[in-house]
Amino acid sequence: MQRPSGRALAQLRSVKITRNYTRHAEGSVLVEFGDTKVLCNASLSSEVPRFLRGQGSGWITAEYGMLPRSTGSRMPREAAKGKQSGRTVEIQRLIGRSLRASVDLKKLGENQITIDCDVIQADGGTRTAAITGACVALVDTLRHMQREKIISEDPLKNMVAAVSVGIYKGEPLLDLDYPEDSAADTDMNLVMAEDGGMIEVQGTAEGEPFSEKQFAQMLGLGKAGISELIGLQKRALEE
Amino acid sequence: MQRPSGRALAQLRSVKITRNYTRHAEGSVLVEFGDTKVLCNASLSSEVPRFLRGQGSGWITAEYGMLPRSTGSRMPREAAKGKQSGRTVEIQRLIGRSLRASVDLKKLGENQITIDCDVIQADGGTRTAAITGACVALVDTLRHMQREKIISEDPLKNMVAAVSVGIYKGEPLLDLDYPEDSAADTDMNLVMAEDGGMIEVQGTAEGEPFSEKQFAQMLGLGKAGISELIGLQKRALEE
Amino acid sequence: MQRPSGRALAQLRSVKITRNYTRHAEGSVLVEFGDTKVLCNASLSSEVPRFLRGQGSGWITAEYGMLPRSTGSRMPREAAKGKQSGRTVEIQRLIGRSLRASVDLKKLGENQITIDCDVIQADGGTRTAAITGACVALVDTLRHMQREKIISEDPLKNMVAAVSVGIYKGEPLLDLDYPEDSAADTDMNLVMAEDGGMIEVQGTAEGEPFSEKQFAQMLGLGKAGISELIGLQKRALEE
Amino acid sequence: MQRPSGRALAQLRSVKITRNYTRHAEGSVLVEFGDTKVLCNASLSSEVPRFLRGQGSGWITAEYGMLPRSTGSRMPREAAKGKQSGRTVEIQRLIGRSLRASVDLKKLGENQITIDCDVIQADGGTRTAAITGACVALVDTLRHMQREKIISEDPLKNMVAAVSVGIYKGEPLLDLDYPEDSAADTDMNLVMAEDGGMIEVQGTAEGEPFSEKQFAQMLGLGKAGISELIGLQKRALEE
Amino acid sequence: MQRPSGRALAQLRSVKITRNYTRHAEGSVLVEFGDTKVLCNASLSSEVPRFLRGQGSGWITAEYGMLPRSTGSRMPREAAKGKQSGRTVEIQRLIGRSLRASVDLKKLGENQITIDCDVIQADGGTRTAAITGACVALVDTLRHMQREKIISEDPLKNMVAAVSVGIYKGEPLLDLDYPEDSAADTDMNLVMAEDGGMIEVQGTAEGEPFSEKQFAQMLGLGKAGISELIGLQKRALEE
Amino acid sequence: MQRPSGRALAQLRSVKITRNYTRHAEGSVLVEFGDTKVLCNASLSSEVPRFLRGQGSGWITAEYGMLPRSTGSRMPREAAKGKQSGRTVEIQRLIGRSLRASVDLKKLGENQITIDCDVIQADGGTRTAAITGACVALVDTLRHMQREKIISEDPLKNMVAAVSVGIYKGEPLLDLDYPEDSAADTDMNLVMAEDGGMIEVQGTAEGEPFSEKQFAQMLGLGKAGISELIGLQKRALEE
């Protein structure tokens, strides 16, 4: 079988991670998975959510948005409609949870890091690209906090990265682009830590249910992809 | 190890499915998983969403809500706040997707079934109880449509049911109640079809990442639980 | 004349009051007036509205909602529309005012009781059923507060109950169900205290204006009905 | 007893009805009850609400608002808050219902009249002043429709007017101004038709419940006041 | 050339400034530019915006609204739509900025003056009439503050007034009414101080761009008009 | 005098115009004025606003947004707040008006072009950069429409560009960056056409009013800057 993009089944798109993409944010990363481009800006604040005040612990949260014409046809601007869509809310909650799993929140002190993931151009897999880029922006922010003596210890427990996998014509594919995603029977998003621990598994049968065997195949493919992505994150962080 | 509820690791709560619970809806089911009580009312309408108009195919969607005092402390009423929470949106999208996987939408004709899942009393696992009950309300609605000659063929492909599984003190537990859920390290919601096909897998590491082995254990536990739940759905539908 | 429901002109529907219907609320009452079923959950909080802070006096307020398919055809969910309807707002203000009239707010201390009245199934008269049930949930909450030594004196001045009356084909009817309400010329909601004092009188000519004589007839009918309802509340509270 | 305003118990404030107050509206009336000043502008439109389309019948509706500084201390602007208060909604529904009772909607044709009642200055009784003024604006609009041959027959069945009555220190008072209203035990708004028919009765015990005798006294006082107001409306319409 | 209104090119409409128009506000001015009538009510408060707290400086802000039927055809009520239009927001920001330029905010103390400009009847130039009237209401409020010993020094630096100018059939016109405004090629709003200083210049080419020469002509016309308006403001303030 | 940025008084920042910046939009331009970076994406649609339907004429509109961390400290996301700020609304209305002045809307046919201007990084002058970039994206869209035979004639009348000017320590400056803008007494935005015609002039005295002489100086400076910008737009369009 030939996958629509012509890539090998287990082949990631070309991934590019550019740090310091904008100048104001404590961490600013443009992450590109092929034609999918997401800008991840991390902002540090000393105001934590109400339920954490006075407890000496920090928080990490994320917001997600798509520029109206990041997609093939223009989507209405959420700020103009006055409402974030269900999909947006779902994605930003996923990004936030994933990043919190990478950090020891107690070591953050009473600080909050908000990571804005804004899609400049979309071609499938925006949420997994966002998590992968956001983790790098988060590390840059943690380094900033240490440099500025806001914290003394590194709160990072684990790098995290994410990738999508799917079943297309019965075969598992890694890192689906938009045409592949539209044609796939099953869509799974996988978030894993550097040490192989699983953080989020979200598999959805779009049409037919999937079997346990297919599930295991997808898991295997995703694991390998994430390990490759974590290598790319680390290389970017060494530059 | 003793689980907080005193149940065996692989033991469901006492499950009760009451059909025809209210009188107006085409399908009306009160589902109880222990102290979690969700009312699932299915409404039939001949208006499908815009993107389906004129295509001869139907749609199934769901809405979810919690009565303000279904929980230990009162939650603000979403209608009064003017906004559904991110959690509510996430859950109702999950219920809708799960139910659509159980039905051949083409055989529905241009009809929409909306399933309102309202939590009367919450004690953990409201989304999985909701899916399990909603599927019964859906079947009652499909029977109504056949009785009323709105459709001639049964669109049901598969019963679906859902259950939560988690890791507590390193051990996998089935069907967590609220105290168990609060204490668990990992929370997984599983939606499966009658034939064992997987429809949704959503696993989240609350604290520590989970291993593949733990994941496989949870999957096994969930599968057995869902098979038991589908038996209970069928028995209820025979009455 | 035969009324549509077949009841005698001055006959209430079968009324049922079930206490402790759910387990979390300080007072939880399911009230049924025939096929109208309303769940009234009372929640105690130590936060009073801003205008009362520091004044040693308490507050009672109510919120009202209908489950989307509590009615013959599905109503849009107010939480999803992001707005409570004018009718909802009108009803919850009426319930709140009526309950405040039954209690000495000074004796409540700086505590607020919020009573959520959610309509599980509707067949006319949901607001009068709600008031009647909410008063019982309120009493249970006041008893709880005394048991828990939050207050030392009973703040209850008077039980209150409510009923609808109407003019149908020129005759006054008590406690209209939905088909009767739709056909009536005049709709009046009456809230009265145990001692016969009037708390709210809301009469509306749907079509033709009504005469003072009709008004007096409705009042008489309502007064008798409320006295019967207060007997039923008391019996329920003795169980 | 001396009432706070110094008026006799059964004495209306000085009432002034100015027609053609602004120039664009089909009917434009400034109504003054003492220091309470409400501008009532009626707008004619050929678009009726959806539930009436194609049925040959018309509709009358009302909207109500207070200028932010019509009151002693500035109230937040509802347009800026993005929400009408419960009180606003309650009042505009009352005004709409009252006016619809005065007209044969079938004779309106498929036309809608919207009456905007905006409070320029408030001193108690804004809703009853609004109804009284709106009825005059409505008649001017009906005359306009007949002049313009939009309708051939006069749809007016009855003039309607409204007044407040209350119990103050045990005595019934007519047409309460703001200081009287704040001090009263009971507040009742009465809407009646020219022929003495009752359209709306809304009595609320602010503190103590009221007795049937008091209720009858208030009714008597209100009836006389409304009859006087209808005389003033008619005189204004003859000018 | 004859301008549509028959006025001379440099002729203002008949301008009328009525102080103490309503009784509650600290400053209350009805300003009329011909058929354009705007009620400007100033409210004093000791609560300043968050960014000014504790800094000893005051603030002036404005809100703007049009009564729904102030215009030829009824506009939807912004409070009912739940949203102020872009035009409304633009105008109220302009009024606020203009008034702040007239006052030394440090001399206000930590006090805020909110000026509500509500259009009773519109015939073009509502924003310039609003600024002109609001400045008089502001001065009345500053006098009130001095009388009440809230401040000891007069914070007023300069009276401000505003006028519109436009190009119609190639000729510059002063103070356009609605029919002129609709027909004009260019619309310019000018806000100036008593001493001739410019505060706001907003020129917009509706159709064709305008030349620098036309711009200079408009400026000249506007300057003269504003000087005349400031004379009228002063005369009103002497009464 | 030395301006804060070290530039000469009449010197623009380094301006860069990159076409085809993203791949989905009919016109996609990244415009950079120094550190201010705005992405301008033009979307073509055959749906025009309601007031233009069936009239054979087209429409151009714009929307504006800032990424939350495009600025020095993070601004709340407007989509999450559910409301666009007054500043946003003001700016997007200005961009839309400016672009409409550059095109013969009748020659557009019944088509709408929406230009989304999203600020990736802000350093003052985002609205003027947006207009300058949006005009290039607009031209690319008009070329696309001609290539695709959607229109036969070029609707472009004039290129438009915009620049800010200000008074700083008494001297006029061109193209203010953020530190200059914060320190300036007067801020003026100028939109002009290729032929020197003026489209928008918006001058605001931040602190002290400005004189006519200063106004003329700013105008002169702005005119030269815009002529330079139009040269840069044309060069970009030739590539």
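By letter and in written order, the chains are A, B, C, D, E and F; residue numbering begins at 1 in each of them.
Here is the rule we go by: a contact is a pair of C-beta atoms (placed from the backbone, for glycine too) under 8 Å apart; a residue touches a chain by one contact, two chains touch by 3 or more.
Bear in mind the structure is a predicted one, so any value in this text is a computation, not a measurement.
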| item | value |
| --- | --- |
| Residue-number overlap at the subunit A/subunit F interface, same or different (half cut) | same |
| Inter-centroid spacing, subunit B versus subunit A (mean Cα positions, whole Å) | 28 |
| Whole-Å gap between the CA centroids of subunit A and subunit C | 51 |
| Sequence positions of subunit F contacting 2 or more other chains | 82-83 |
| Contact graph of the chains (line, ring, star, complete, other) | ring |
| Order of the ring members, counted from subunit D so that subunit E is second | D, E, F, A, B, C |
| Subunit B residues within the subunit A interface of the complex | 86-87, 89-90, 92-93, 97, 101, 158, 188, 192-193, 195-205, 207-212, 215, 219 |
| Complex contacts: residues of subunit D adjacent to subunit E | 22-25, 28, 35, 37, 39, 41-43, 45, 63, 65, 67-74, 77-80, 82-84, 88, 114, 116, 118, 120-122 |
